[in-house]
Amino acid sequence: MTLSFTNADWNAIAPIDILAAAGLAVLLADLFAGRKQWRYASIVIGLLGVLVAAIVAGRQFGHQYDAFFGGFMTGGFATVFEEIVLIGTAGSLLLYSTIGPGPRVAGTVAIMLWSACGAMLMAGAANLIAIFLGLELLSLGLYALCAAVDRKTARESALKYLILSSTATAFLLFGAALLFGATGSVMLADLLNPSLASSPLFWMGAGMFLIGLVFKLSLVPFHTWTPDVFEGAPLPVTAFMSVVTKAGALAVFARFTYAALPAGVGAKLLLPVWIVAAISMIVGNVGMLAQTDLKRLLAYSGIAQIGYIVVALAGGTPLGLRYAIYYLTAYAFMNLGAFAVAAAISGPDDEEGSRLSSYRGLARRRPWLAAAMTIFLLALSGLPPTAGFLGKILILAVTVANGYIWLAAALIAGTAISLYAYAKVIRAMYAPEEGRQGGDLRPFVPLAWASAAVCAVAVIAMTFYPLTPSNILPLVR
Amino acid sequence: MSVPIGDYVTLASVMFFIGVIGVIVRRNPLIMLMSVELMFNAANLLLIAYARLWLQNVGHIFAFIVITVAAAEAAIGLAIVVTTFRPEKYVDVDDIAALHG
Amino acid sequence: MPLVLVSILLPLVAAALLLFLPRGDRALSRLLGTAVAAITFATVLAGGTADWSLHWLSRPFVSAFHFGATPISFWIALLLTLCTACAIAAARVERLRDFVALLLALEGTMLGLFLSRDLLVFALFWDLMLVPVFFALVGWGEHPATAWRYFIYNFAGGLTLLLATAAFGVIYGTTDVIGLPGVALAGGWAPWIFAGFAFAFLVKTPVWPLHTWMPPTYADLPSPMTSVVAGVQSKAGLYGFLAIATAMMPGVLYRHAAPLIVLALISLVYGALVALVQNDVKRIVAYSSLSHLGLIVLAIAIGNRLALEGALVYIIAHGLFSAVLFLVLGYVEEREETRALPRLGGLGWRNPRLSGALCIAALAALGLPGLAGFAGELLILIGVYQNGYVWPAIVALVAIVLASAYMLRLYQGIMNGPQRTDLPVRADLTWIEGLAVAPLLAALVLLGVYPKPLLDNAAITTVQSGPLP
Amino acid sequence: MTHQVLGVVGSYPLLVALWLLPLAGAVICWALGPQLRTLAGWLASGLVGASFILAVLCWHDGTQSAAGTVGANQPLFSWMTGFDFGLLLDPLSLLWTFIITGVGFLIVFYSIGYMRGDPAFARFFAYMSFFVFAMLTLVLSDNFVGLLVGWGLVGLASYFLIGFWFDRPAAVAAARKAFVINVVGDVGVMFAIFVIIANVHSSGFGDTFAAAGTLGPGVILTICIALFIGAAAKSAQVPLHTWLPDAMEGPTPVSALIHAATMVTAGVYLIARCAPLWNASHEAQLVVGTIGGLTALLGAILGTAQWDIKRILAYSTMSQIGYMIMGVGTGAYEAGIAQFFTHAFFKAQLFLGAGLVIHALSDEQDIRRMGGLWKKMPFAFWVMLTGVLSISGVPGFSGFFSKDEVIYGALQHGHPWLDGIGIVTAGITAYYMFRLLFVTFLGEYRGEAPVHVGGPGAWIMNVPVAILVVPSVAIGGALLFGGDASPWAHFFAPLFAAQAHLAAAQTPAPAISENFTSVIVVIVVAIGFIIAWQRYATAAARRDAVQRLRREAETMPAVLTNLFYFDAAIDAIFVRPAQAWGLFFGRVFDPRVIDGAVGEIVLIARGLGTLVRSFQTGLLRAYALILVFGAACFIAYYAVAGAAH
């Protein structure tokens, strides 16, 4: 066996390389920067990198290739997730246009790009090593990003994230080791061996592996870090985490459930995941009820939203995967949009956009922002005319079709609870002024506004033109 | 092969368990990080043992990668711990609870 | 562009564009709003019945943006557009531009609901039509709790509707079914799907005991909005019953009719009794709605030809008279700055036109023969009796007697009695105010004298669509 | 739909004109009211008069028809599938049409004088015209639904007119009461329609009566009782009569037209119209006849205890309608209708006469504050006197003949005790009517208000009253004299002859002859008159009238002053419980129970929220513990599942 890689192998990871290079470019550019305002330059270079990576990745779509002897699969499923990661990255980068430590954001932008590389690696990873690498690359960057602002809560969030996340990673790693022990291979494809179904080693390995994934997906009871970290981290990082981390983890989870399980064990093996997803849908939504901080609210919301997405995979049907991807994409836009609005009404410090009280009377002061925020909140609560509505009904349909009625019921119950929490924000924005004014009128921030606008349009357009990648299932493997 | 694979698994599990307990009970973030490292190394031990069992050196490679990553993680972790506790007198995670609810 | 699409999009687009008008120009907002609503009425009348379809989903079930009127929805759409035009013309609230925009948005979303031929699109517009009302409650309501109550109840209904729609689609394979002949859902799932639909419909109608959101909502909303919500939005659930439950799951519906009948009867009497003693004039009408709509639910649960025909007539009639009632009560509140019945009285002397409008509407509401409400009531109850439901018919008759008592109490309490010296003296209806209610009143009389056109084309027993002539 | 059963043929567009002219009057007066001024009165009465002329024309044409029957029918339009409307003129409806338009014309004309100067002059005539239209709808309809429409509309007109002076709280309350009780009646008719349509599949009179023989006795009884609820409410039969005395709050011409001559007799019309149904159900006849008799008696007794001139007349109306209902209820249709016919004249006359008095005394209605008026208003006195003679059944006057027929009819159809009630009532009637006459017109004037008599335009009020005197004195004798050979019997032969023969065949002929009953009635009436004379008209009584009347008022039994507690009973049984339940539901059940339950759910959700938040202590080690707990659960599951698989 000769270990030699062809050009095709390198091409497969080209988008990741481009993104990593873009990170370097940002740093280099910053080296040459004077004292002037270089915030935009960093962002623009980062965005360019994202754009190029997206184009390159997009060109791979439909050209399936198992690079590095099956370690990194590209061309289909991976491409879709890479694109979602890139969307998330771009949306988060845009938020640095208002928020960040001083004029220099190059460091954080670079780390974010590299962190995104990890998520992209996860999207295509088809062996345990690649998965672990991607996961750690993503996480290490995030630890740093969380702390990259001079604020006590940010540091606290970084510490919490660090300890808890690495503990969970340890579980994943231990599970991976057990899986390796069960098969003698790190390739996910080797897990398909039917004889594994009766191997306790495999079951335990899969279980611990799933613990790590479920933590990254922040399903209850592995969610405890989410609200604190989301609240403490700087706004762009929160946005990044809410989308990119979840996308990466979901990619691994989907590949694991769809392409790496021996026949016939799926229902039993994944049952705990469905259970925690159901609990997440309830707890996440209940947790939103009495929040006063937007980021924290969205953290709980994210817990529930990921529950919806995971539920779509129950039953392991191709349609389920398609709808999970659809909803994930929609969710990316809703969340990024909401964070963009938060950024647009914040100063350099993100405190203001985080406080829910600063949304009071927003409709008077910034009607367009309020309208956009309304769309995002409607989407998060699953109301028309937004992609959240369609996504939810698609997931409901596929869940019912797969026979997981109790999951559908939990979804409905969770949604019912969440309506109140989202509507409270809407109400605050539109209620006639009740004495107390909200914050000051922040200047117009083109990038954040543009991001909000694009997200709003996307969220609505996706309802009427539901683009879901077809034939996704063959591409997972 | 005098030591059966089961013993390795047991040892690794015990190490992992100790690490878990360490994360839960210790209040010093540094020790918590060390406990995490212990868990990582339990996995490493397992990887190496199985690599030997299956005669697959990919397990070794995995272990090396884990060691590298763990080093990076420790570096970042220490940095975070330092920045977090620089204003504090004692290093105690129980003092850090500004974010809650 | 097909007219049916125009009629749905026109109000929505107009609502958005209206927000670019200057805030202060009240007359212009009202004029434009009325004009748009009137044009929408014309488009529905002229060609809102032709089908238009755009593919939406092919999996997990087939779904399309498919619009077109069924014979029933055609009439309801006419009612809706007429009511909206009248409501906008009558609107006098502050921040009028935004209010008119909301009314237009409400009209557009509700047109989408009534004209949709696809269940999923129906569900989409179902939730959508709640949003403008929520905003109106937030922006113009008196109590914050009201908006919540409206929101929680109705969206809870919307969610079960969503689940039922998804299940329907999965089982039946397509949701492009409203008004299609021969669609029938049976089997073990059908009762649950029916329950999902029924819950949403019963909340929206509403029916006891799901009604407590309704009186405060109707009371808190500015009257023009209330007139549309009470007049037309409350018919969404009933239309849903007719177009979905009756048409596609008759077996399930009639097997489980008993609880529906019981709820309908309780609503009938309960609403009437409470209306008898309420002091807030808008709440009186709200509770009367509970009672009246219980009658339609009863008809739907009975489901023979006469009852269903009566249901359609009464849907239109109730839409007309509750719209007028709320508009006129709005005028009264605007003039006298109170809604409390004990504080009102004696307005009839100075406001004969106002008094006349309220009188006709109240008479229609109490089922005076010769006005539209009577035709519906009579047909429904004949149908009820015909199917052997003697006691339900008698209970409904008792409610009719109670209706005469509370409606007269309402009318006399406001208009009759000695002139009050403690109330501001205001002029009678202006021409515009009068014109805003005149078409509705005329329709009430017309349909009472000659309700046949309503039924000529409505093959209501099966609720199947056919081309309208 | 066939009308052949009723012996009516042909189509007759003139009927439509007859029917709609008053509506035109109503619409014009309503729309152009203020502009028309007094012209409104002339216009309205003119159109009603024109309607009357058309009715006469119809009659004339009808009697010329080939079949030798009176009547015509005119299909109108199909209201809804299965509900075809049409107009039907047969002897029965023709008679009512005569009264409605004829007496109606006189009263509307009279109103021009009576309502002079009222600020809502035109509105009054709009309502009156509307009433005439509605009443014509009722009697001309050829099916039950159309009848119900008319039934409801006359109730509405009555409501408007009772509450015409709507600044008076008493009038407003009376109007509401009248309307609600009338709706009870409407609802009864509606229920009958349900039963009819469910069994006959048509609401036409022809189809229904043709099928009467095939329906089961239970069904027929149900229909009859339901219809009678309608009739009782409209015609003020016990226990639904309480609205009628209150209805006297309306202007006096209204009382004359609606609450004496026409609307309140709609129940009589309904029962006569549905004679085939009643004939088929002996039980129904018994119920209706009994209630009619009871009403006659109760009305008369209450009439003796009233002081308000219009209320006395109202109770007398109630009592007289009791006679009519008794007549048509027991199967003596011609007699009952005859009573309606004569009553329409003499009661209208009495009311209009009373209206003259009230008008002259500036709306004073209490007879204790009248007295001695025969000197000041001789015309009114003579009018009232003839009316009283007629209503009391003094031989020779119209009332005598019709009342006689009813009383004997009860006997003839096998209800001797109803006959007894009729006789007793006749005596009481004589007593309270003469009491009214004596207290009002004899003795000295006891009031404070000045008496205005005459004035310009007084003839407008006097002429119609004078015209009414003629039929109220003479028409009974002219039409009714001669029993089965009278013009009256001949006129109604096509309608009721068959039934009459049927009934006669079933019941044995009474042992007493008609003449013998007549004699007894006359004797009883004379006794009533004598008592009234003794109490109110002797010289002594006239002298200290003030004290006597006060004493009478003070010693009046409570059961009479409380009107047999009907109002209190209805209030206690229906009104107050309904209000109490309404209050309970509205103030307690909705907010506490239903909202309370929903509130509980919300509270539980909030509580869960707090619970979830309470796990978020912010302490890193707690988070780690939760994480490990979850992991332990997972591991346990997979250990078990892996081993089990």
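Residue numbering begins at 1 within each chain, and the chains themselves are lettered A, B, C and D in the order written.
Please note the rule applied: contacts are C-beta pairs under 8 Å (C-beta built on N, C-alpha and C of every residue); 3 or more make two chains touch, one makes a residue touch a chain.
It should be emphasised that the depicted structure is a prediction, and the values quoted were computed from it without experimental measurement.
> Go through the assembly and pull out the chains touching chain A as well as chain B.
Chains touching both chain A and chain B: D.
> On a CA-centroid basis, which chain has its centre farthest from chain A's?
D
> In whole angstrom, what separates the CA-based centres of chain B and chain D?
The mean C-alpha positions of chain B and chain D differ by 97 Å.
> Once you find the CA centre of chain C and the CA centre of chain D, what distance in Å lies between them?
Result: the chain centres lie 36 Å from each other.
> Approximately how many whole Å separate the CA-defined centres of chain A and chain D?
78
> Suppose each chain is reduced to the average of its Cα coordinates; what separation in Å results between chain A and chain C?
Centre separation, chain A to chain C: 43 Å.
> On chain D, where are the residues touching two or more other chains?
Expected reply: 613, 616, 618, 620, 624, 628, 631.
> By residue number and range, which residues of chain A touch two or more other chains?
As it turns out, chain A has residues touching two or more other chains at 159-160, 163, 167, 171, 227-228, 420.
> For chain B, which residues are shared contacts with two or more other chains?
Where chain B meets two or more other chains at a single residue, that happens at 20, 23, 29, 32, 93, 96-101.
> Can you work out from the touch definition every pair of chains that touches here?
Once each pair is checked, the touching ones are A-B, A-C, A-D, B-D, C-D.
> Quick check: in the complex, which residue numbers of chain C touch chain A?
19, 56-57, 59-61, 65, 120, 123-125, 127-128, 131, 134-135, 138-139, 144, 147-148, 151-152, 155-156, 158-160, 162-163, 165-167, 169-170
> Mind pulling up the chain C residues that touch chain D in the complex?
152-153, 209, 211-212, 215, 270, 273-278, 287, 309, 346, 348-349, 363, 366, 368-370, 374-375, 378-379, 381-382, 384-386, 393-394, 397-398, 400-402, 404-405, 408-409, 412, 415-419, 450-452, 455
> Considering the complex alone, what residue numbers of chain B touch chain D?
Against chain D, the touching part of chain B is residues 20, 23-25, 27, 29, 32, 93-94, 96-101.
> Write out the stretch or stretches of chain D touching chain A in their complex.
Touch list, chain D to chain A: 605-606, 608-613, 615-616, 618, 620, 622-624, 626-631, 633-635, 637-639, 641-643, 645.
> Give every residue of chain A touching chain B within the complex, in rising order.
Checking each residue of chain A against chain B gives 128-129, 132-133, 136, 140, 143-144, 147, 152-153, 155-160, 162-163, 166-167, 170-171, 173-174, 176-178, 180-181, 184-186, 227-228, 231-232, 291, 296.
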